[in-house]
């Protein structure tokens, strides 16, 4: 299954029915399964981290709106904490049940976090987020569109708006007029979210530096990337492959208050399993970065 | 120089000083050279098509603003027609001097053309254009950032705003509050411009279909791509490699008037030499599509 | 199906049962179908070009050996001419039934052709052919191994020897001790065959030049590529995408008689449909290059 | 310089003239520098690992033959041990001076090691090694050929034979009639060497399994990859990016004694700095795998 792990592990897949009680249970199933079996899972894992979309939204009506079906366990929605430590570190530390995060939602939420935390956005206008993604976002199974001869070399805007991860950004950022536009490019791992908004009148570049540095200082996996020289002046997903970092960058056009905020992540790490492990560390009272120390590769 | 032409041509490079009079002269030089020698070139070519940025802007002040230097031949700016047939077919047909077009400007202008021609955009807001580009945009010479080991696998937002091609979009579309955000991806040929705007109150999807079809009907190299099925539902640059087509697509969110308009081109064809040849055809009174019949490849 | 052909053709797929008589019938079906229906097809097409592997081998026993099943119409094998004009131009011109060619076999046969035609190989040793291929070789359907996230970035030697196309090289080159080793790389269109052999004692580089130039002179789609300077000194498949050329190159180590002969093609053109069209042109008495004039793109 | 290390290290480059004595000194300079300054360096580092090609060959005449210049410190050649632990673990453990290894030489040497160690090759014939390489082999500096628009999508056989790394394979394997053919493909990190040879009469697949498993058992970074199912049945460089593993595989055609032996590595790790660190660990008496535990990524 994971050929890179040869000679390094003897771990085998076993039947879910054979699960024995554990301290922390990760659920990594297709959407819909966890919500139907959540009662049973709580008997196996005192602490649960569910990577699916089942428990990300707080409101059952939102779930129905975005996923076009009723939630099977709405009473459980309020018991889960949204699993992005940069947003909910304290709550995660105390929680028993943690949801996973959408990869595109994570890149979007972290691109907006410094602006929202410092209350710099003029919310009278729209927030537009353009997201470029690699092919591993589509999961492990292929289809005719993911066939290499079709998927290679693409610049394919497969969702102009209405992507389900939008719901997580609206919920977590508290911004209603927001859209995610999704474009697939030729890469396996990586997401770049580029958010466009207007800042409030009077906001200058110095304010942004302060806001971004604050977020980086508060979070071990957030870095600000804004260089004058070199090939890597802005957040770049490729050097994050395998790492849990979220690299943030920004540009402000003071003449018209247009801010461009960028966040690069590895969708399979910070955008999925990396954040999940980080949550486990917090829940267990361990060092938040445990097992997540890999720095990524260069060149790659 | 162009290894694909082996056994097909014996054309050789010769010194510019040895040029003999021709019916139509193409200038393909670094920016700055044509404006210093334009008088001389008019003695060689009765009709001139200059692919550089020297004569794209009508206003010498604009040139100075965007290129940070005074124009050397401002009196010639008014004698050139901007060389995008979809915008200036009639004028080009009668012109003696034609400017080239910026590749990113072309993708942007054509993404906006149906909306502007039908007067559908609410101009009280900003127009944001996100552009994804291949490596051939950078010209034939490499640098440390274009080295394959650094340039492969990128999603690199190298210009948040302020790209010089913006000036051509402002001029040609007559929209002031517009920005181009440039992101390099792993591809050689191709540009996709994704424009975000608000449509006027009351505009519905049907109005957009009418506007886009009108532009496609008026222009032999414009197609509308908006499919419900298949792998190629939206404009996709890769299948345009070598072709002169501009493929347009759109999505409208009627709930909040957000329109997403896309244009895919081959930056070296419709975004440069293809449009230049199309202009020559018009100037010479020939069939507009002469020499530009290649349809692109699939798969690729 | 082929999105690049939008606005250029209204051709539609129709049911095979509705076929009406034609001058030339191309069969492009999965292996096995043509051999079961060949009698019927001859009533529709006076001239037939079958692109499958059904009629490539002359000997029914060879077919059974390489394809592990009995041939359904062995009496037809002798009526077909192997459809590579560089090997059988005269016979093709007079034939009614032409087989297609294997793409890897074609690259191998053309890499060896100058050496075999000039009788330069020392056949007491083995001929080893290393072939690197793009993903379009695998056909239009994807599988888990062709999923972009798995297929991107590969250098995957999926067949050390025993590839079925080997049978076509043995048959056409008359060499028994020959092997094809197949390695998939990250490309969509293109094959490079690199053949290793020993030349006969006394053969020098000048003899090779003569042999390769002879083949290029005899064949409109063969070129010799062997440059001292530039980025394209050797045959390079990428610049052949969409073209019907076979580019040949070679190096000889006179100290130990080791010759390395290379052939680059587009597997979908010279290695499949391009050669098929070329055969049709010959059968119909038309210019051999008709409809095959595309020169490929650079850069790409 | 290495943007992935942001927030993880404050290490800075300093002038070589400011070097202070260290336990182990790594030299990573262009070829030629170490040999001119080796006396000086021994005063700084009691143990030296030189990654350049300066001290890889034991014989000054070989150096002159392959590098076309006299060696500046021939008396030092005998003091260095060739730095591939799989070949010289004992000597490395006791050595003060270790040479680096050529990346292509390493993939070749390890592909041949099981066959040579078990004495299975029929040396009356040639050994042909076909090597496919990524762009990071070319070093950190770009040139016109490494420009992304030219280097992307290549299958480029840039050296048919005569590559300098051949000298290291001849020296270490003790085989004279051997050639390395180098082909660049579209990948950043990774090398696959595919070696072709004849085994001695009577050798069967079972003998090869024994030979390969023996090498894997003796070496912590060697694995045998030879699967019947899945997408990763053979050694595949891409999943080794960042790891120090050498994955070996083989196929034997018992009918004609043709063996195909494959070795995949990350050229920057096992083929360069990874082996260098492994050597340091051995020299210092530390665990051989220290600092080299990264397992690579999947998917990638």
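For the reader, a short list of remarks on this structure follows.
To keep things simple, chains are lettered A, B, C and D as they appear, and every chain counts its residues starting from 1.
Everything that follows uses one rule, which is that a residue touches a chain if its C-beta (ideal position, glycine included) is under 8 Å from a C-beta of that chain, and two chains touch if they have at least 3 such contacts.
Please read these numbers as outputs of a predicted model, since none were measured by experiment.
Put simply, the chain farthest from chain B by mean CA position is D. Rounded to a multiple of 5, the Cα-based rotation taking chain A onto chain B is 180 degrees. In whole angstrom, the spacing between the mean C-alpha positions of chain C and chain D is 35.
Spacing of chain A relative to chain D, judged by their CA centroids, is 38 angstrom.
Mean C-alpha positions place chain B and chain D at a centre distance of 47 Å.
Of all residues in chain C, those touching 2 or more other chains are 136, 140, 144, 149-150, 153, 186, 188, 231, 236, 299-300, listed in ascending order. Of all the residues in chain C, the ones that touch chain D in their complex are 125-126, 128, 130, 132, 144-145, 149-150, 153-158, 160-162, 177, 179, 181, 183, 185-187, 190, 192, 194, 196, 198, 231, 233-238, 249, 251, 253, 256, 258, 260, 262, 264, 299-300. Per the touch definition, chain D reaches chain A in the complex via residues 1-8, 136, 140, 188-189, 216, 223, 225, 230-232, 236, 239-243, 245, 247, 268, 294-300. The residues of chain D lying in touch with chain B in their complex are 134-136, 138, 140-144, 146-153, 186, 188.
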